[in-house]
Amino acid sequence: MMRIGMLTSGGDCQALNAAMRGVVKCIAHSGEEVEFYGFKNGYKGLIYGDFRMLTSHDFSGILTKGGTILGSSRTPFKTIREPDENGLDKVEAMKQNYYKLQLDCLVVLGGNGSQKTANLLSEEGLNVVSLPKTIDNDLWGTDMTFGFQSAVDVATQVIDNIHTTADSHGRVFIIEVMGHKVGWLTLNAGLAGGADVILIPEIPYDINKICEAIEARDKRGSRFTIIAVAEGAISKKDAKLSKKEYKEKMANYKYPSVSYEIAEAIQKKSGHEVRVTVPGHMQRGGAPDPYDRVFASRLGAEAGQLILDKEYGYMVAYKNREIVKVPLNEIAGKLKYVSPDASIIKEAKMLGVCFGD
Amino acid sequence: MMRIGMLTSGGDCQALNAAMRGVVKCIAHSGEEVEFYGFKNGYKGLIYGDFRMLTSHDFSGILTKGGTILGSSRTPFKTIREPDENGLDKVEAMKQNYYKLQLDCLVVLGGNGSQKTANLLSEEGLNVVSLPKTIDNDLWGTDMTFGFQSAVDVATQVIDNIHTTADSHGRVFIIEVMGHKVGWLTLNAGLAGGADVILIPEIPYDINKICEAIEARDKRGSRFTIIAVAEGAISKKDAKLSKKEYKEKMANYKYPSVSYEIAEAIQKKSGHEVRVTVPGHMQRGGAPDPYDRVFASRLGAEAGQLILDKEYGYMVAYKNREIVKVPLNEIAGKLKYVSPDASIIKEAKMLGVCFGD
Amino acid sequence: MMRIGMLTSGGDCQALNAAMRGVVKCIAHSGEEVEFYGFKNGYKGLIYGDFRMLTSHDFSGILTKGGTILGSSRTPFKTIREPDENGLDKVEAMKQNYYKLQLDCLVVLGGNGSQKTANLLSEEGLNVVSLPKTIDNDLWGTDMTFGFQSAVDVATQVIDNIHTTADSHGRVFIIEVMGHKVGWLTLNAGLAGGADVILIPEIPYDINKICEAIEARDKRGSRFTIIAVAEGAISKKDAKLSKKEYKEKMANYKYPSVSYEIAEAIQKKSGHEVRVTVPGHMQRGGAPDPYDRVFASRLGAEAGQLILDKEYGYMVAYKNREIVKVPLNEIAGKLKYVSPDASIIKEAKMLGVCFGD
Amino acid sequence: MMRIGMLTSGGDCQALNAAMRGVVKCIAHSGEEVEFYGFKNGYKGLIYGDFRMLTSHDFSGILTKGGTILGSSRTPFKTIREPDENGLDKVEAMKQNYYKLQLDCLVVLGGNGSQKTANLLSEEGLNVVSLPKTIDNDLWGTDMTFGFQSAVDVATQVIDNIHTTADSHGRVFIIEVMGHKVGWLTLNAGLAGGADVILIPEIPYDINKICEAIEARDKRGSRFTIIAVAEGAISKKDAKLSKKEYKEKMANYKYPSVSYEIAEAIQKKSGHEVRVTVPGHMQRGGAPDPYDRVFASRLGAEAGQLILDKEYGYMVAYKNREIVKVPLNEIAGKLKYVSPDASIIKEAKMLGVCFGD
């Protein structure tokens, strides 16, 4: 009899349920007798012993269901080694709950912070297998994360909708796309939506270049311009600031987000009326698309197989179209950025996309 | 040979093209010889003689296309009787262009302001037929406007997406829905999305009632609450202000929109973390849904028939599931509100929806 | 304490769960103490006492879920008064199970056959309230049934997809749409999808008229023709057959369905290659659209109110945009057809749609 | 001044327009002066000199548009070297039209047959660059073809819809998925849709294994079974037939397609009622999904770059997440099958999917 704990951690995304179903189906199908313990709301549930036993019934029909049936939370990556407000040693608490339940393995579905904690627990001696979850696609060690393609779909739908209204009214429109500190989501949704300008953190922008692109479109008779802006986009000027200077700037930042700063700058320079749309959390919500359902199911199955094979301390990952395992200690603390020299950037530029550089 | 002018005015919406296609197909199918003149960017095109001749080719394949192939603009409803910055008499200019092109009729697709101007032109002696366009569904004289149902679909999709993430994280989420001064869009999207709280302009809210609803959900074990807020929602307190007092309040309004004020109030009173999503313009963009395609096509066909019958001075409208004509002077300047006693409100309350009253 | 039985009967459709949720939410919200008994697989469950108790948990999150959580079956409308293969009197069995469970009311969600049985049980003295379910929209006594608009959406999506490939290849394409003996679904999906020819049971077709329409399109340079055919479409010739003659014809019918007969006839007469697509059951599957979610929720709430008011023997219905109650004995056994003189038919003809008449 | 011919050949699919837009945008953006000649309906247009000049206006707004603005046709791959019915030498005719128009290059968007003809023209001395188009994903030399992921989306949507109705009625449902002689589309849509049984040409099936899988589900209390069948699926028995024997069998084949044969066999063996849905051509129609829009745009840009670099005789392809060029003579006449040992098959089996082997 195996006893397996499972938790989903960090901002939720599409296909979390599909991935968990994959793990469970794989182990159930192996014939291995098994009990699943679902910790509620991420690591919180593991720290405070908040869990429920899961039956195969819980995993039935969830392949297409958005969110996570376990609940998630962002706490507490950075302070994981600090005691909580009641003096509880969180790492020790997680270990105790793991041992108390006599778990054979802990399955963690999470993004960067969560993988770091997964590695910590692995180093502390727990058997851990993790899966790469995030709409940001910024996880080091894997070509792709689940949730990403579904988020691209949502953000693209937003750009599509804005496209028709921008065209009707001859306006400049900014759509602010999620993605944390990296540009994958904005880049792909921008290309899919036919954005004229795409601004990502990895390529700091010069407002003058953006205005030139708008003017060039004006001259060609294009009544409107679509600008996809990553929430982490940064100007060339700001990119040169020291950490301290940047912190000071943001402390007094008067804009709700970078898109509004860009909108104001364009309006000032070019005279164009600029509108901003910030779709926000809807990008991580809703049902997973077929791509993510297949991808997360495959990852889940392979994670299940790792557990059956008692191969612990790994994240399942995607490399050159195959699912592989990557040691947790190799990925913890690293981010996967879009390289400004990537061929997709080169191709986007061939298509006439302006990156503001 | 008939000569027909056409313009789309005000904020764009889904199914504008479908409606124009309906008009053109109906007249073309009648065998009547006809020339179509499309004025660009709403009444602006009529004022400044900015138009292009349209052929049947222009209307091919646009049934499913969002936006408007003619372009639109919001200018200039309120100041229509005032001269422009060069001293041009705008009403006179529109009449002159109408007569210069020897038009038999002007077709106007628009919302409230546009219908008012359509009526003005009708009273000035032009032959006008209009169609009820708006995602707000606030046009007096018709049970339904085209664009509305498609906008309900978009707003519902946003709520659906937020639903999964709200559930995963156990959060209170506000989705701000368009609709101008009326609550049709928020009410329908809210019900379709299973919102727990729906706030519309026609039913001023009390923040305490909202917090009570959230608490009641907490007690029943519901980890999250979905609140659909109309952009025109107003508190009971503000509803009691005089026009002057309200204007003063809004002059110093520190929130980007009413949703943020509500979010802060809930956070303060209940301690819950509250997130706000403002989908904005995407609600009026994108392809029309099947309902709107059928509806706008039918309206277009009947508008075409009015023209063939030389019945001018009317807006085509929807009453008790039939398409009828309504005199333009009966609808100009009126708004169609949601009645707080409407059966849909009563039914929403039966379902447990909190309106904050 | 109230005890309420519930069943979904006949072909399933979208929004069945939404409607049941409406009933349950309404009664739960009223404060009335209540127990729900869900009979499995339609009347079968009532006949054979196959049920399970339902808690509010069962109705949580099902607003957007397709199908029916109770299961459905088509049996046994026509033979309801005949004993089953073991000699069981089915009507008596249903009554006994109703009384054994001490039910206060039975809620039936169903189409034509199911309403007839609901009326029978009502006449036998049971307290019955019913809801109008069917993608066919053929229920007498209501302007609209739930499931219909969602099915229009699916069928329209099919036509949209076929449209692009028909255009690319310059082909004549037939899409066979569901709808049983009436044309509502085909008519609406056909108009929404811009079909050139629409064939419905209520307007028997002449194959020559269809070929003329295709030729007329050829002459205008249209490379393709889209034909929406109701599964119940009938030729003028067949419409004139006596019941016996028609039965004989169908006994030796060599086509999988009427669309293939039409396709062959067009191919023979016009020389055009004709392709047939039969989307079939997918039209009744999948998530309900926002329109149906609102509509079914409203119907459910009003059905719940009827129960609270102890008003039995009614179907909730939609008339002139209000939800009303209609006596079960008024609707049983009647069908709501599309009138060939309906304004929507007139408008479709204005738009140039060929009905083959 | 460059002169570039372009044609789309074979069954149409999603993202053909997106790919052409990519080619055109890339070359236009390079500053090179260029004229585009669009041949109508595939190679037919090149053979018979049926073309039109294309301006940048033709490529505006087509990123999201299904089908192909050039039209397509399947003729005439196999008989390309034979004279037509008027004795015209087709290969010679294509060469003459190419030289008459003084083309610098011919761009071919097509699948297997079309690539073979592209190679033939290349060997005949024409400058050819091609792009990998097909929903089947069966092109040798590339990891992925455009159209494939969009077709997966459509087929998955069909399975999703059938899922709810299968569940409601407790039925066995077969969905027949396209894919020609390979199983890529069925495999991915089947996994995305949670199919219980997936039958692909590469893994011949044993009807007994399928019935065992259905029975096993019955025993676990699953009321329904979803079977995704590739149009090219073949039984173990048939797979052993000689070509001649198989031809004889198919000459007298009494089923509309393999799915109906399987349905009958299951019904006979297991007693289950089995329904078949054949979505057909809709799988290649409709708008491209975001994945395909990005992918086709990238391929188009790189094809444009090959032309600018005067690198002819290649198909642009996708290998290990990069766009590369593959010599036309390396890919002509080969098919890319799903390997029965592929990790995706292994993972599907871990998830409990039955392949009938």
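Letters A, B, C and D name the chains as they come in the text, with residue numbers starting at 1 for each one.
Criterion: a contact is a pair of C-beta atoms (placed from the backbone, for glycine too) under 8 Å apart; a residue touches a chain by one contact, two chains touch by 3 or more.
Quick caveat, the model's predicted, so the values are computed rather than measured.
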Separation of mean Cα positions, chain D and chain A [Å, integer]: 31
Rounded Å distance between chain A and chain B, as computed from the means of their C-alpha atoms: 35
Chain centre separation (chain B, chain D; CA means) in Å: 42
For chain C, residues that touch 2 or more chains besides their own: 160
Chain contact graph, described as a line, ring, star, complete graph or other shape: ring
All chain pairs that touch each other: A-B, A-D, B-C, C-D
Touch list for chain D against partner chain C, complex: 8, 11-12, 16, 41, 65-68, 71-73, 154, 157-158, 160-165, 167-170, 173, 223, 256, 275, 277-287
For the chain C and chain B complex, residues of the former touching the latter: 22, 25-26, 28-30, 63-64, 143, 149, 152-153, 156, 160, 188-189, 191-194, 289-291, 293-294, 297-298, 300-302, 304-305, 320-323, 343-344, 347-348, 350-352
